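Shown below is the structure under consideration.
Letters are used for the chains, namely A, B and C, taken in the order the chains are written, and counting of residues starts over at 1 for each.
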Amino acid sequence: MKREAIKKALLDSYETDGGINHLDGVNLPAQESVNAVARDCMHLLFPGYFEDTRLEKGKVADLVDALLLRIEERLEMEIEKCLKFAGDARPATTARTLTFEVLEQLPDLRKLIRTDVEAAYQGDPAARSNEEIILAYPCVLAISLQRFAHVLYRLGVPLLPRMVTEFAHERTGIDIHPGAKIGTHFFIDHGTGVVIGETATIGSHVKLYQGVTLGAKSFETDNNGNPVKGVKRHPDIGDNVTIYAHATILGGDTYIGANSVVGGNVWLLDSVPANSIAYFKADDLVIRPRQKKESLVGYVEDWVI
Amino acid sequence: MKREAIKKALLDSYETDGGINHLDGVNLPAQESVNAVARDCMHLLFPGYFEDTRLEKGKVADLVDALLLRIEERLEMEIEKCLKFAGDARPATTARTLTFEVLEQLPDLRKLIRTDVEAAYQGDPAARSNEEIILAYPCVLAISLQRFAHVLYRLGVPLLPRMVTEFAHERTGIDIHPGAKIGTHFFIDHGTGVVIGETATIGSHVKLYQGVTLGAKSFETDNNGNPVKGVKRHPDIGDNVTIYAHATILGGDTYIGANSVVGGNVWLLDSVPANSIAYFKADDLVIRPRQKKESLVGYVEDWVI
Amino acid sequence: MKREAIKKALLDSYETDGGINHLDGVNLPAQESVNAVARDCMHLLFPGYFEDTRLEKGKVADLVDALLLRIEERLEMEIEKCLKFAGDARPATTARTLTFEVLEQLPDLRKLIRTDVEAAYQGDPAARSNEEIILAYPCVLAISLQRFAHVLYRLGVPLLPRMVTEFAHERTGIDIHPGAKIGTHFFIDHGTGVVIGETATIGSHVKLYQGVTLGAKSFETDNNGNPVKGVKRHPDIGDNVTIYAHATILGGDTYIGANSVVGGNVWLLDSVPANSIAYFKADDLVIRPRQKKESLVGYVEDWVI
């Protein structure tokens, strides 16, 4: 029977083509559980915004109780899996200790995230209220969860931080690595396509538009041809910098000085001093009448230079 | 106990770091309810496409009945919350009146949206049928819901319109502000990363590719340093214009004249006359043999100019 | 009553504005069912990664049995709908035959997809393990499902292949047409905004960054003004090519020769020979001190050239 033959071929392929199956291995973190932690965190950070009904002040303590307990249980379980997966030698109680070290940061994270919401209000004339920003601006989810994942990253938890930021990436198109260090008052407008690499640093009062990349150019490899991990390879961005849509800024030696503005669509491998503006020369742009290709009947002259 | 301490710190932070919590406030619109309205609208607009089973003609009236009633109840409730939130002085019956004013537009919206589907078929050689477009082209969701949200926007409903378009943005990567005015036969191919600002206007028979931005450049601030809201700051696009991938076009004084074509990846702060073509000079592009960095053993020459 | 009037107007519009309703037509493929097939396929391809609990080796055969049966039933049903929709003249048993032809490819697909995961590990210094890549890199979903959809596409199944890749597009922002032919060891980093057209071909060991477009420029139309379908109109990419973020490469005659590197943000309508590097001249970039518009009080000099 065909199904039996396909089944046998698949089981054989699990034996011969390893590396992308995970059988009898240690337990891996479950995406659904990670997603639930991420969602519960957003409730804790912005109480009253994501509940189905109005949140009365008298009931906040109970809500916080319930959310904290749920996050704590799931987070401890997932951290434990991640430590075992990575062969972490720390004792069994470590997952619990790390879980509380993460949760203890939540009040400070709120202070930080509050500055991000303020920056969105200051930075976008279309924003009519803080409520509109929290309910409808994707950067709130992406930045808040990166700040949360960054705490996990700094504590040396493997796997999990990246799964948290990928939850946000899937929903917002904003891909910020958990390793990136980000100052206060960070605003990303629209956001789709933004990429911020692991070793990037970002000052305070920075504004990015959609499609901005703070990425790597070349990187070193070891004797086996594998990339050397953990080397500084993404840019540093100073305070009060604005970067317009689809600017691609690459390299670990590249910095954008404070108070500078980078124009859209630039491809930037060099540093920009403070108080500067960087953009492509306008006279490189050709604007001329369209030419008809008269000889081609039925030809859509969509792009014929 | 640690959990108690964290709980207390969080509750304290809700007191001291306001602005991002919403306790004892008026009821805010619920994202899940807004999403349900958006989904039900897609069913009403495209009957027979998003049902699980084949839709028989004899059962359409019942389906419309059920969908309309559901949308009506949810929409009225959410509009009422939004009006209260914004301190709108209109009487309590207003939410109901507005709800019906929105629903009355649905048949006209269908006429408009039908032209968008036609434009997708005309504009993409890969499209094999209207069915393929409706089932698998993200622009259908993004444009249809923006047209719906635009009705809410014109009626002065706060918060809600932006939540509807953000529902579409999350699913498609296409971010069209509810305020944008868009003509007939609008097609966005692929779409990820498209951003269209609040005060943009778009003619008929316009085609955009992925990553196109119709955005703002600078904006005015009031005496408190807050951006002045509602000022014209996004471009105007004429009829029959095609804009290629990742073109960034900014400014309220910028217009692209009818029948013009804008090349990909341009950064455009100036207007383009009708019947023109705008692109970066080809001779600004360097194409040369790669150089080997012989001295660096194990170096991946990924990007070494 | 208002609701009755709106209902009547909608029903009338279903009669007069056809083309975007589907009443009494043949059954269309159901998105939810297609999504379930896509998810189950990911489980079969990467056993042990997407289950809620640890997958023991002794239980793999049962899991494969259950998944195969589920995919088989749904796939046969959806393929049958698609064939009927397209008026395919093949006999009723064809859907079943095609279903098994698809499933038979799964073991070979695993071999291919394994090379993609290897390429991600080799290509990204931030990747710490294969597990991290499979759990948190969006390209794994996008490329794996495109390879699956490509099998359906080659077998001439209408509608369905594009719905499978659109499932991936919605989740990852990566839009690869099922028709594209892709070699081994394919890596897309970050990925949001990547677009690869129907007639593109991609060699082995190719690396793309976010926002890269392999698209079409102009296309021919028939006597009715409709685009001619199926013509070669997207680029060919050689082996070992790297293309940086937001490069837009268009045209069916455009090829990028083996071992070449294309810089970010270029707009490329011409071919690049093998072993080359292509980028915008650095001296086209202006970097200069920002100017203050002293005369404008309260003006945010966000972008004032």
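As a working rule, contacts are C-beta pairs under 8 Å (C-beta built on N, C-alpha and C of every residue); 3 or more make two chains touch, one makes a residue touch a chain.
No experiment lies behind these values; they were computed from the predicted model shown.
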Least hop count linking chain B to chain C through chains in contact: 1
Residue-number overlap at the chain A/chain C interface, same or different (half cut): different
Chain A and chain C, separation of their C-alpha mean positions in angstrom: 21
Per-residue multi-chain contacts in chain A, two or more chains: 173, 192-193, 211, 219, 225, 227, 244, 246, 250, 263, 265-266, 269, 279-280, 282, 284, 302-303, 305
Complex interface listing, chain C residues touching chain A: 44-50, 52-57, 60-61, 64-65, 68-69, 72, 100, 103-104, 106-107, 110-111, 113-114, 117-118, 121-132, 134-138, 171-173, 190, 192-193, 209-211, 217-223, 225, 227, 244-246, 250, 263-266, 269, 279-280, 282, 284-290, 302-303, 305
Residue ranges of chain B in contact with chain A within the complex: 2-3, 5-7, 9-14, 17, 19-32, 85, 158-159, 162-163, 166, 169-170, 173, 175, 177, 179, 192-193, 195, 197-198, 211, 213, 215-216, 219, 225-231, 233, 242, 244, 246, 248, 250, 259-261, 263, 265-270, 272-273, 275-282, 284, 298-305
